[in-house]
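Contents: one structure, followed by commentary.
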Amino acid sequence: MKYTLDELAKHVSGEVKGDASCEIESVGTLIHATKNQISFLTNPSYRKQLTSSQAGAVIMSASDAEHSSINTIISNNPYAAYAKIAALLSPEEKYTAGIDTNAYVDSNAKISSTASIAAGAVIEAGVVLADFVRIGPGCVLQKNVEIDADTVLTANVTIAKGCKIGKRNLIHPGVVIGADGFGQAMDAGNWIKVPQLGGVVIGDDVEIGANTTIDRGAIEDTIIEDNVKLDNQIQVAHNVIIGAHTAIAGCTAIAGSTKIGKHCRIAGMVGIVGHLEIADNVTVTAKSLVSGSIKKSGVYSAGTPLEPSQQWRKNTIRFKQLDDMAKRLNKLEKQLSSMSQSGE
Amino acid sequence: MKYTLDELAKHVSGEVKGDASCEIESVGTLIHATKNQISFLTNPSYRKQLTSSQAGAVIMSASDAEHSSINTIISNNPYAAYAKIAALLSPEEKYTAGIDTNAYVDSNAKISSTASIAAGAVIEAGVVLADFVRIGPGCVLQKNVEIDADTVLTANVTIAKGCKIGKRNLIHPGVVIGADGFGQAMDAGNWIKVPQLGGVVIGDDVEIGANTTIDRGAIEDTIIEDNVKLDNQIQVAHNVIIGAHTAIAGCTAIAGSTKIGKHCRIAGMVGIVGHLEIADNVTVTAKSLVSGSIKKSGVYSAGTPLEPSQQWRKNTIRFKQLDDMAKRLNKLEKQLSSMSQSGE
Amino acid sequence: MKYTLDELAKHVSGEVKGDASCEIESVGTLIHATKNQISFLTNPSYRKQLTSSQAGAVIMSASDAEHSSINTIISNNPYAAYAKIAALLSPEEKYTAGIDTNAYVDSNAKISSTASIAAGAVIEAGVVLADFVRIGPGCVLQKNVEIDADTVLTANVTIAKGCKIGKRNLIHPGVVIGADGFGQAMDAGNWIKVPQLGGVVIGDDVEIGANTTIDRGAIEDTIIEDNVKLDNQIQVAHNVIIGAHTAIAGCTAIAGSTKIGKHCRIAGMVGIVGHLEIADNVTVTAKSLVSGSIKKSGVYSAGTPLEPSQQWRKNTIRFKQLDDMAKRLNKLEKQLSSMSQSGE
C-alpha cells in the first residue's frame, strides 16, 4: 500500500507544501519516522522535534508549516487528517464470515450470514446479530441481545439479556454491558435486592474501552447516545444517560440516574454523583468530583495540587482549620477597620 | 401475572388508600407508568411528578400520601416495599438443571444434580457446587472452589483455587475472586513474590458487581461477611474483612488487612488505606480517602468542591500556602492584640 | 515438607537465635501460628503480638529479636526472607504440559511441547508460546502474540494481536493487554477513530493484577520494563513507559505517553496525567493527582484529610474563598505594617 503525498492530501482535503510526489507507506512519530512515513504535529510541546525529523512528510497547521521546510500536508485539523490517513495506510484485516465450529450458538439465535462468531463465544437464545457483526473469542451474549450492523466485540465481552447495541460500535475486551444496577433496599437491618428491570440501549458509532461496565436500568433503560466514546475501566451506573458525542477518559464513574449532556469532555478518574444533570459542552478536568448539577457549559475542576509530602502534610492539616481561619480573618478585618476609624 | 392493589399491599404489610381492587401487572417510573403499573416515591425531589403521574398506584409514605389523590400503598419503608412488589411482578426466569454439553467439568468435581452449568464454563477438579447453584457461560472455577446453595455466577466470573462462597450470592460478570494479593518484597533491588497462601471466604446473601476484584489472603483469608453488597469495579485487597450488612458503591478500593465494620455505607470511589479499623455504622461520602482508623460511627468526608477551572486554579495554588497563611494569621492576631493593649 | 529452623536460616542467609533444630512445616501469622509454623515481624504495630505468639519461630530484625525469647531467624530483610521461606514451604502445584482437548489452538500457532493450555482457552494464528508457558482456562491470545518462557496467564486473560510478553510473568484473571488506546479526533462535530498501530511490550519478571488494562500504543509501543509489579484494576494508557522495578498499587491510572522512572512506588488510586516524565525513585502517596512532571526523586502527595462531614462541609466551602482570603491577608498585613510605622 503506497500513496503519493498528493493523493493523501486530497484524501483529507489538505494542501501539499513541498514534494507532492513523495511516496508514503505508513505512519511514524516525528522522532522515529523514516522517509516513507508520514507523521503529524498538533501538540506544541513536540514542535521542536520537527527540525530533526526524518519523516517523509508531516501533517500540520499552516502556522506550524511556516517554520518548517519538511514536506507537509497543511490541514486546519491535522489530528483528524492524520486519523484518516493512518486508517487509509493501515486497513483493518479481512475477517471471514461464519460461525466457528467451537462457538456455541443457540438454535433460536438469528445470525446474519455475513456475521462472524469466533471460537469460545456463547450466543444464547433470541440473540439477533445484523450484517457484518463480529463476535470475538470468549464473548457471552445472553438472551435476546440485539446487535446492529458492523459492530465488533473484540474478545471476552459480556452482554446481559435484552441489551441493544447500535451500528459500528467497537467494544473492547472485558466490557460488561447490562449487569444489574446497584439497587439495594434496607429492610429491617437486611439489604434486599431491588430487581433491575430496565436494559441498556447503545447508539451508533460508540466505542467502549476495556473492562468498562455499563449497568442495566432499574425500571427504564440506561442510554448511551450516538458517537459517545468511553475509555477503559469506566463505570456507568443504572439509568445514566450520556449525550451524543461525549467523550469520557479512563476510570471515571457516573452514579445512577445522572444525565450527561452532548459534546461533553470528561477527563479520567472523575466521579459524578447520582441524579444530576450536566449541560452540553461541559469539560471536567481529571479526578474532580462533581457533586451538583452543572447548568452552564464551561470547564470545571476540583482537587488540590501535588506537593512534596512534607509540605503537603502541613497544608493538609490546615485544611481542617480553614473555616476557623476564615472567621478569624473576618474578625481581624473588623478590628482593624474600627481601630483605623477611631484613629482618624 | 396480575395482582390487585389489595393483594400487593398485603404482600408488603402496607395499607391501601384508594381503589383496592385496581389491577397491577408491572412496575413503572412515576413519569412513564400507565394504569396497570405501580410506581414508588422515596426521593423528595421526585415528589412533584406525583401530580401528573398516570400510574395505577404508587407506593409511598403516609406523609407523602396526604398530598396526593392517586391510588396508594402506604408503607413506612416504600423502597423495600417496592423491591418486594417488583420481585413478585417480575419473577426470575426458570432455568434448567444440568451440565451443558459444552461446559468442561472435571470428573473430580462434585456437582449437585440441581445445579446448572452453562456452555463455555470450566470447572476444575475438587470443585463442589451445592443445590441450585447456577454457573453462567465462560465462568472459570479453579481447583477446590466450594459454592453453597442457590448462588448464581452470571457469566465470565473467575474464582481461584480453594475459595469458598456462601448461599444465595449473586456474582456479576467479570468478577475475579481469589487472585493473588499484592505481596512483593524488595530484595537487593529486585521485587520478589510473597506467596499468597490464604483464600477468600464469602458469607451468605452477598452481591458482587461487575468487574469487582477480591484478592486471596497472604496467610489467612480475606473475609466478606453475610449480606454485604458490593457494586461494580471495587477492589478488595488481601486480608480485608468486610462486616455484615455493609454496602459499598462502585470503584471504591480497600487496601490490605483493613477491617471494615458492620452496617457501614461506603460511597463510590472512596480509598481506604491498609491496616485500619473502621467502626460499625460508619458512612463515608464519595471520593474520600480514609487514611486513619475510624473509631466512632458517623458520617465522614474529604475532598474539595467543584469550581469553574479558572477560579479553582487560583484557589488550588493557595492551598500550597495554607500553612504559611495560618502562621501569618496567628502573627497578625498577636500584633493586633498587643497594639490594642498598648492603645488602651 | 519439613525443615529445621537451621535449614531455613541457611536458605535466607539468616542467623538462628534459639532452637535451631525446631521443625517448621508451614507459615502462619503471629497471632495464629502454631509450634510447627514460622511467622515474621516487620510492621512495628504488630510487635506487641510477639509476646503471646505460639509460633515455632519468627523471622525478624536483630533489634526486634533483642526483646523476645521466641525462636528467631534474624535477618536484615525479614520480609524478603519470609517470602523465600514461604515459597520453599509452599511449592507451587505441578502442572501437566500439553494442550487440553477443549482448548482451541490455531494450527498456525507455535506452541512449545512443555507449554500447557487449559480448557476454553483460544489461541489464534501466529501465536508463539515458549517453554513452560501456562495458559489458563478462558484466556484469549489473538494473532501473533508472543509469550516467553515460564510465563503464567491464570484465567480469562485477553491479549490482543501482536503483543509481546517476557519471561516469568504472572498475569492474573481479567487482565486485558493490547486493547486500543483511547485515540479520538474531533472532525466537524464527530469523533473519528485514530488507528492504534503500536503494540505492548512487557519485560521479564512482571506481575499484573486482576482486571488491570494496558493499552497498545498509537504508533509506537506501550512498554513495561523488567520486574515491574502492577496491582489490580490499574489502567495504563497508550505509549506509557513504566521503568524497571517500579511497583504500582491498585486502581491507579496513567494517561497516555507518560514515562515513569525506575524504582518508583506509586500508591493506590493515584492519577497521572498524560505526556509527563516522572524521575526514578519517586514515591506518590494514595489518591494523589500528578498533573506535572516530577524531576526529583522524593515523596509526593495531594489531597485533603478525612473529617466528620459536618466540619468538612464548612471547610470545603472556604476552599472556594482561599484566593480571596490570601489577598485579604496580604492587605491586612500591609495595613497593620503602615499603622505600626505611623504609630512609631
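Each chain carries a letter (A, B and C) given by its place in the written order, and its residues are counted from 1.
By our rule, contacts are C-beta pairs under 8 Å (C-beta built on N, C-alpha and C of every residue); 3 or more make two chains touch, one makes a residue touch a chain.
Note that the structure is predicted; figures quoted are calculated from it, not measured.
Homomeric contact chain B/chain C: same residue numbering on both sides for under half of the interface positions.
Chains compared, chain A against chain B: the Cα-based superposition rotates one onto the other by 120 degrees, nearest 5.
Remark: chain B and chain C have CA centroids separated by 25 Å (rounded to whole angstrom). Under the contact definition stated at the top, the residues of chain C that touch 2 or more other chains are 120, 138, 156, 174, 211, 233, 251, 269, 303-305, 307, 317, 319, 321-322, 325, 329, 332, 336, 339.
The touching residues of chain B, when paired with chain A in their complex, are 27-29, 32, 43, 45, 77, 79-80, 82-84, 86-87, 90, 100, 102, 118-120, 136-138, 154-156, 170, 172-174, 205, 207, 209-211, 227, 229, 231-233, 245, 247, 249-251, 263, 268-269, 286-287, 303-310, 312-313, 316-317, 319-323, 325-326, 329, 332-333, 336, 339-340, 343. Interface residues of chain C facing chain A in the complex, by the touch rule stated above, are 104, 120-122, 124, 138, 140, 142, 156, 158, 160, 174, 176, 179-180, 182-187, 189-195, 197, 211, 213, 215, 219-220, 233, 235, 237, 251, 253, 255, 269, 271, 273, 275, 284-285, 288-292, 294, 298-305, 307, 311, 314-315, 317-319, 321-322, 325, 328-329, 332, 335-336, 339.
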